[in-house]
Amino acid sequence: MKTLLKGLAGVAGAMALAVGGTASADKEPIKFALLQDFTAVYTFVSSEYNQGQQDYLRLINETGGVEGHPIETIIRDTANEPQRGLEAYNRARREGAVLVDFFSTPVSRAAVNRVLRDEVVMITALHGRGDASHGETFPFVFPMMATYWSQATLLADYIDRHQGGLANKRIALVHIDSPFGREPLPVLQELAQQKGFQLRSFGYPSPGTEQSATWSDVRRYRPDHVIIWGAGGGQQVSVREAIRNGIRPQNILSVVWLSETDARNVGGNHMNGVKRFEAVASGREPAVIQDILTHVVEPGLGAGPAANVGSSYYNIGVATMAVAVEAARLAIREFGAPLTGDTLRRGFEMIEGFDARGLMPPVTLTATDHQGGGYGRVSQWNGQTWEPLTDWSNAFQEIVWHEIEKDAQGFRDGR
Amino acid sequence: MFYRLSGIHHTRYESARALWPVTADRRIVQGLLLLAVAAPFLLSDLYLTSYMLPWLIWTAAALSLTLLMGVAGQLHFGFAAVMAIGAYTSIHLTRAGVPFELALLGAGLMAALIGCLFGAAALRVKGLYLVMATLAMQYLVEWTIINVPAISGGAQATLSTPDVTFLFIPLQSDGALYYTALLWTVVVTLLIMNIKRSSFGRALVAVRDKDFAASVIGVNPLKYKLLAFFASSFLGGVTGAVLAFCYYQAVTPEQFGFNVSIQLVAMVLVGGLGSVIGAYLGAGFVLLLPIVLTNLLAFVAQFDLIPISFNLLSHIPLMVYGALIIGVILFEPLGLAKIYDNIRKYFLVWPFRHTQS
Amino acid sequence: MDFQFLIELTINGALTGLMYSLVALGIVLIYKSSGVPNLAQGAMVMIAAYLVWIFAGLLGTPILVALFMALVGMFLFGMLTERFLLRKMVGQPIIMVVMLTLGLESLLRGIGPGLLGAAPKSLDLGLDMMPIIIGDVFINREYLVGGLIGAAMVGLSLLFFRTRLGTKLRAVSDNHISSWSVGISVERAVAISWGLAGISAVAAGAMWGSVQGVDWTLTALLFPAVAVVILGGLDSIYGVLIAGLIVGILGSVIPGYVDPLVGGGTRDVVTSLIILLTIMFRPHGIFGREDIERV
Amino acid sequence: MLPEKIHQNLESSRAMHPGWQDQDHLIRQLVNNARDHGDQVALRERDRGIWQEYTWQDYLERVMALAAGLETLGIGPGDRVLVVGDNRPALYFGMLAAVTLRAVPSPAYPDTNPQEIQSQMEAESIRCALVEDQEQVDKLLGIRAAGYGHLDHILFDDPRGLKDKEPRGALALEDLLARGRARLEREPNLARDLQSRPSVHDTAVLLHSSGTTGAPKGIPLKHGHILSGVRNASQAGYFREGEVHMAYLPMAWVGDFIFTIGAALVLRFCVNIPERQETALHDLREIAPTLYFGSPRAWSNMLTRIQVGISESTGLKRRLYHHFMPFAVELERRRLEGRAPTAVERVWRAVGEVLIFGPLKDQLGLARVERPYTAGEAMGEDVFLFFRALGLNLRQFYGQTENCALCVAQPPDSISLHTAGRPFPGVELKISDDGEILVRSDNIFDGYFNNPEATAETLQDGWMHTGDAGYLEEDGQLVVLGRVSEVVYTRGGERFIPTYVENRLKFSHYIKDACILGKDRDYLAALIVIDIDAVGHWAEENGVAYTSFADLSQKPQVYELVRKEVAHVNGVLPEALAIQRFVNLHKEFDPDDGEVTRTRKLRRKVIDAHYAPIIESLYDGRGAIEFEARISYETGESGTLKRHLAVADVTGARLAEEV
C-alpha cells in the first residue's frame, strides 16, 4: 500500500510544470509554487499576474538560471478555496517547493500556520495579512511590497503634499464591504486625527457591481477626495459612479487594484486623471520587461497573450519573482545549494535596495521588516497609460507599524 | 460473489434491523475502519492531511446535512453558515479558556440554537421557498460575521485556533488531528445510521414524505421539523468546529461562504439523499474531484499535447465538475449511493440478475 | 436636500430594480410554464453578455446586429437546455432540479471565462456615462435605459401572453395535463418559454454587461433577481415589475440611510430580509398563486 | 379402543419384536433430550419475519402440557387424532402429546378434499382433530354438517378468525395448553406419569398409502419401527447428531414424520419450520440446513429456477456459469465413472467454486448441506449430475411408507447413476423369482390398519413385498425398474413400464407431466403436459405470444419444442418402444379431478376416462381433435369447454434427427 502510494506520489512529482530552459542552467532545480485562483474571485488579476511571474522565471532560465539552477514552477488552480489551496500547498511542499505564492487572501490566511511550521517561504505581495510584515512574528511570510496600510498612508500623504493638504478636508473612503475593504480604516482614522481632516467610510456590498445608492450618499457628503478601495469589477463601477456623481476624476484615488482593463471598461476618456497607488512601474519601459520581450516573448516562449506584457498586474507578477529570484541568488551565494525554505528566507532578509532594474522602488527586507519599507508612488491615468506623478516614497510608517505591531501581537496571543 | 447470505436468520427484530446484518458488509465496514485507523501509517502526510482529513470532516458535514435534507426532507442552502457558527463559537470559547471538549459542545449548541431559527422558516414553507429562505439566512449570518469584528477577529478577519488538547491529547501532530476528525466522523456516521432506524428517524421520514399525512398519524410536523433542524445543526456546528481546529487551524468568513453551502448540498445530492454511504461518496466527489482533475490536467499539460491556453486549462475542472453534477442528477438521481448499491446488488444476487427468493 | 436625496435614491433604486426585473423575468417565464426554478438564469445572463461581446466587441459587428444575433443564439440555447436537460427532470423532486440548474451554472461559469479569458470585457452600448440631472437629482443614464428596457420587456411579455401562442403558454402554466388533453404540446410550450428566457437574458446581459463589464460576476445577479421573483410571486409577470421596483427602491433607500450608521454595505441584508419576510408572511409573493397541497 | 384390545396388541407386538425395550420410545427420547440438552434449540418457526425458538425443555413442557390438556378432553390410548395443516410447531407438539397418551396421530394432507378426509375419518373413527387454521376448521365443520357426527373436538393452532367465536367443540391449542399447564401444576407427578405411559410397541403414527390404486390404506408405524429405522440409517452415516433440518414437506408424508419427529428426537436435530409454504425457499436460505431432503421434482424445479435465473442474468455472470457448470458436470460424470480429475481440473474447479458453485449453493440455501437426499421416484440424470457437480453429495433413498422409507440408499463412496444403492444395515433384501424386490427388517410395519387382506398380500413370511421390479448388481447395489403391477405389454407383446418412460420424458424442463399409452396398442403414444414456467419463459425469449396455458400448449413452435424432447427420449428407448405420436394437453393433471394423487402420481384409469377421445385420436391418425374439456370449478361444479388440440407425429422428426 505504502509503496503504491509512493509510486503515485512519484507521478505527482513528475507533474511539476517545467518552465523549460535551454541555457546553461543544469544544476538541480529550484521549485516555486504558484498556487493561485484562476477560476473564481481573483481572475481579474491572477491571469496577468501569473503570466508575468512565468515569463520572468522563463527569462531567468533562458539566461542561465539562478547561479546555474533552473527554476521550476508548480502551478495549480485553487479556485480561492482554502481546502484546495492547502492540498496544492501540501503537494507542492512534498515536491520540494521552497516558495509559495497563493495570491489569495483566504488561502494565504489559512496557510500561515502551516508555512511557519514547515519553513516554506510564502510571499503575500499586495494580499494576505498586513501584519505579516512583522518579521519576528511571521519569519516565513513576506508581503515584500507596500501593505494596504502603507498604500493608504501614501495616498493620504499625496493629498497632503500635492493636492492641497489634508487639513479640514473631507475624505471619503468608498470600499467594498469586506475585511479587505475595511483594512485601511484604522490608519486613515489615525491620520484624520493627526492631520485634522474629516473621514467617512462608505461600504458597498460585494462583489461591488451595483453601487448607485452608495454614491448618492457619497455625493451628499461632498468629499474633497475619494479613496476607492475595491478589487475586480467593483473598481470600474466605483470610478463610473464617482464620475457620474460629479466627483472630478482628479480627486479619485485608488488602492493598487486599478488597471488598464478597468480604464478600458470605464470607457472613453472618462477615467483620465484618476490616480492610484502603484507598487510597481507599469508599461514596457523597464529594462526587465524589455529583456522579457527580447528573450521570452519574441521567441514565442511567453506564457500568455503578448498584449498583456507590461500591464500593471503583469509587472507586479514580474516584480514578485524578481525579488524572489534575487533572494534565491543571495541565499545560494551565501549558504550554497541546495536551497531550503530557511536559507531562502535568509536570502530574502539580505535583500537591500533591490529595484529590479527600475521596475520597482528599492526594497530592503530585514529580519524585522518584511514589508520592505512600504514604498510606492502615485500614478495617474492619462488615457493611454499610468503616468507616475511622484517618485518612489513611503509615508507615515510609524502609524503603519503601529498597526502591524498591534495585529502581530494579536496573532502571537492567539497562538 | 463475495456475499454469503445463507444461514443468516434473526430471532429478534432488533438483530434483523442491525446495521450490517450481512457478513460481507460487516467485513467491508470493518476493513474500511481498519484502513481508516491505519491510514496515518499507510498514507504519506500529503494524502493524510490533504485528502483523508478534509474528506472525513466534509463527510461529517454532509452527514449532518443529509439528516436534515435526506431523512427529514427539509432543504437547507445555508448549512455553511451553521458550520461557521460552530467554528466561531468554538474558537471564541477556547480562546476564553474553555476546554476544547466543552467548546465543541458549546459550538454544537450555539449552532443548534441559531439553526432552529433557520428551521422557523421550515415551519411555514417547504421546497423551493425553503431553499430561498435558508439562502437568505446564509447571507445574513455571513454578513453579521464579517461586520462584527468581535466575531470575525478584527482587521485581519482571521482567527487562528489556539493550541488545545482533546481527551488529554494535544492537537498538534497530523495524527492527533486526523484521529480526532476520524472519531467525530465515525460518531456522526453511527448516530445518523441509528437515527434512521429509530422511531425519531421514522417520524422524520413521515414528515418528509408528507407532513400533513404525518400529522394525521400523530407525528407533530412542527416539532419534528424543529428537532431535525436542531439535531442537524448541532452536528453541523460541531463539524464546523472540528473543521476549524483539525483542518484549517484558522477561520476566516470566506471558509463558510455561500458557495460552501452549495457544495454541501451538492455532496448530499450527488451522494444520494439520505444515504450514509452517499455522504462519504458525495463528499469525496465534490471535494476531491476538482483537486484530482486539476492535478491530472497539470500532469497532462506538461507534455504539451493539447495546444490549449492555460486559462482554458484551469477552467476545465469547473466545467467538468458542473457537467458531472448534471450527469449524476440526470442519469442517477438517487446519486452515487445508488450506483454503489447497484454494484453491491450485482454481487449480492450473483450469479443471477435478480434475487431468487 | 434630504428630500432630494430620498428622491434620487428612489429613482435610481427603481431603475436598478427594473434592471433586476430583466434578470428575474427569465426565471418567471420558465417557472410559469414548467415549475422549474432556474437558478442558472444568472449564468445565462452572463453567457448572453459574452455572446453580445463576441459579436460586438470581438467581431466588431454593429451593436444592433450583435444584439439580434445574440437573441437568436440565446433563444436556441434556452430551447436546447430545456430539451436536453430539464425535460428529463420531469417528476423529480424540486431539489434535484435546483441542483441541476446549479450544476449548469457551474458549467457555464467555466465555459464563458475559460474560452474567452477571465479578465472583464467591456461592452459599449454607446450610452453616455454622464447622468441626467434634474434639479439636484442625478439619474443614472444607463440605469434609465436599462430600466426602460426592463419595463418594456415585461410589457412585451404581458402582450405576448395575449397572443395565440401566449394563450397556449398560459394554458400550460395553468395545468399541464388539461393542456395536453386539448392538444397543446406542453413540451413545445415549455421549450419556448426557455427560449424566451434566453431572450430576456440577452437584454439583461447587454445592459448589465455595459454597466459592470462582462465577466463571471454577472452570475451574481441571480441573488437580487431571486428576491424580485420571490416577492413578486414565482409565476407572475406583473409581479416581476412591481417587485423589481420594490426590491430596487428598498435596496437603495434603506442602505442609503442605514449604511452610514453601521458602516457597511447593507443592501444584501435588505435583499435577504425581503426574501425572508416575504416567505414568512406571504410565501407566494404579492401576485403569485397559492398552490393547494393535497395529501 | 378397549383396554383389552390394546393389551392384546401389545402382547402380540412383544412377541413379534422381542428385541425392543419397552421404555425405549419417542417420548423417552424427548425427555432425555430435555434433560441432557435442555437449552439447545430444538425447533424454530419463522413467524412474521423472525425465528421463534423452542429449546428441548420448551418442547417437552409443551408436549406434556398438551398431553395433560388432551387427556381432559377424553383422549386416551388407541384414539386416532386427525392432524391437518401445514407444518407448525404446535401440530408437532400436539401429535407427540397424543403419542404420550398412547393415542395415534393420523395426519392428512392439508389440500385433501372434504370427501377424502371424511372417508379417512370414518375409517378411523376420528373424534378429535388437530388443525392449523380457520380454513381447516371450516372444512371439518363442513364434514360434520355433512353427517359425520363423531367429531367432538377441533383443536386449532392459528386463532385468527376463530378467536372468541369458536364453533362448538373447537378450542384453541393455546387454551388447551393453558389448561394442561394448570393441570400439571395441580398434579406434580402427572408429567412423570405421562412420560412413562407409552410403550415402544405403541403405534406412533398412522400414515396412509398414496392410493395410486384404490382407496388409501392406513399404515400404522410403531415407535420401534421408527426408532430402529432411524438408528439403522444413522449407523450407516446417513444422519448425524444435531443436524439442522428444514421441515417443509407435508406432515402426512412418511418422510416428514421420520425426519422431523423420529430422527429429530433420536438425533437431536434442530428443526426449522418455514413461515408459509410460499416462503419455504426463502426461509430455507435463512436457515441453510445441514440436511436437506427434496423430492426429485423439487430438485428439478430448483434446477429450472437456476437455469431461468441464469438465462435472465447479465452477460459476464451467464458466461461464467456456462463455462463452469458444464465443466463441473463433465467432471462429475467422469468421477462417477471412476476417473479422477487432474490437478489442473481440480484447481479450475476450485475457481469455479468461488465464482459460481459457492454463490449458487448460497443462493439456494444449500451452502451448509452435507446430506442432501432425494427419494420417491427416479431422478433425472442431468438433475442428479448438476447438483453433484455443484459439490452437493446428493444421494437417493429407496423405500416405502411401510418400511419408514428407510430401506436402501446410495452409499457415499460408490454412487452410480442407475442404482438405488445398498440396503441399510439391519435390512435384508432379496429379489423374488418373478423379479419383485422383497425386504425384511425391524423397521417394516406390522400390517395395514384394519385391512388384513392387504396385509397378507404385502407381508409374507416376514418379507415385505414392495411391488417394485428390480435386480441386484454384482456389487450388491439395487436397481429399481418400476412397479411390478405397472409392467404392461403392447399389442405386439413388447414389455414396458410406462412410468419409466414418463420419467425419462419428465427429465426435460419443458415437460411437467406425461402419460404414456400403448398397453394393447400398436405403438406408444404420449399425453404431454408442458411446464408452464419453463415453456412460458422459452416463449418470451423466442417471441411467441400467448394468452393462457391452453393457448401456449397449442402453439406450433411449442409442439416443435416438445417433439425434439420426445425424439430425444426415443433415442434411448428400444425402437419398438418409440413414442410415435403425442398431444400437448390444454391443462395440467389435476389432483382435484382425481387425475393424479396428492403426490402427483398418475391415476391411469381416470386419465384414460377423461381423455378417451384424445387417446383415440392418437391412434386413428387424425392430425387434430376437437375435445370437450371438462372443467372443475373451485365451487365443485363442473362444466365443459371446447378445445382444439393438435396431434403430432414424432417419427418424421426422429428420422430427420438421425439424418
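Which chain is which? They are A, B, C and D, in the order written, and residues in each are numbered from 1.
Please note the rule applied: a residue touches a chain if its C-beta (ideal position, glycine included) is under 8 Å from a C-beta of that chain, and two chains touch if they have at least 3 such contacts.
Quantities reported herein were computed from a predicted structural model and do not represent experimental measurements.
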Sort out for me whether B-D or B-C is joined by the greater number of C-beta contact pairs. B-C
Centroid spacing, where centroids are CA-atom means, of chain A and chain D in whole angstrom: 90
Provide the C-alpha centroid distance between chain B and chain C, rounded to the nearest whole angstrom. 33
Please compute the C-alpha centroid of chain B, do the same for chain D, then give the distance between them in whole Å. 57
Intercentroid distance (Cα basis), chain B paired with chain A, Å: 36
When you check chain B against every other chain, which residues touch at least two of them? 146-147, 311, 314-315, 317-318
Touching two or more other chains in chain D are residues none
If I count partner chains per residue in chain A, which residues reach a count of at least 2? 38-39, 47, 177
Quick one: do these chains touch in a line, a ring, a star, all-to-all (complete), or other? other
Determine which chains touch and list them pairwise. A-B, A-C, B-C, B-D
Hey, which residues of chain B end up touching chain D in the complex? 1, 3-13, 16, 346, 349-354, 356-357
Within the complex, chain C is touched by chain B residues 69, 75, 120-121, 124-125, 127-133, 135-137, 139-140, 143, 146-147, 210, 212-213, 216, 262, 265-266, 269, 273, 311-312, 314-326, 329-330, 333
Residue set of chain D touching chain B in the complex reads 44, 46, 49-53, 281-282, 284-288, 305, 309-310, 312-314, 317-318, 320-321, 354-356, 358-368
Which positions of chain C touch chain A when the two form their complex? 1, 5, 8-9, 12-13, 16, 110, 113-114, 117-122, 124, 129-131, 138, 140, 143, 208, 211-213, 215-218, 220-221, 224, 251-253, 255-256, 259-260, 263-268
Sites on chain A touched by chain C in the complex: 38-39, 43-44, 46-48, 176-177, 200-207, 209-210, 212-214, 216-217, 219-220, 232-233, 236-237, 240, 243-246, 261-262, 264-268, 270
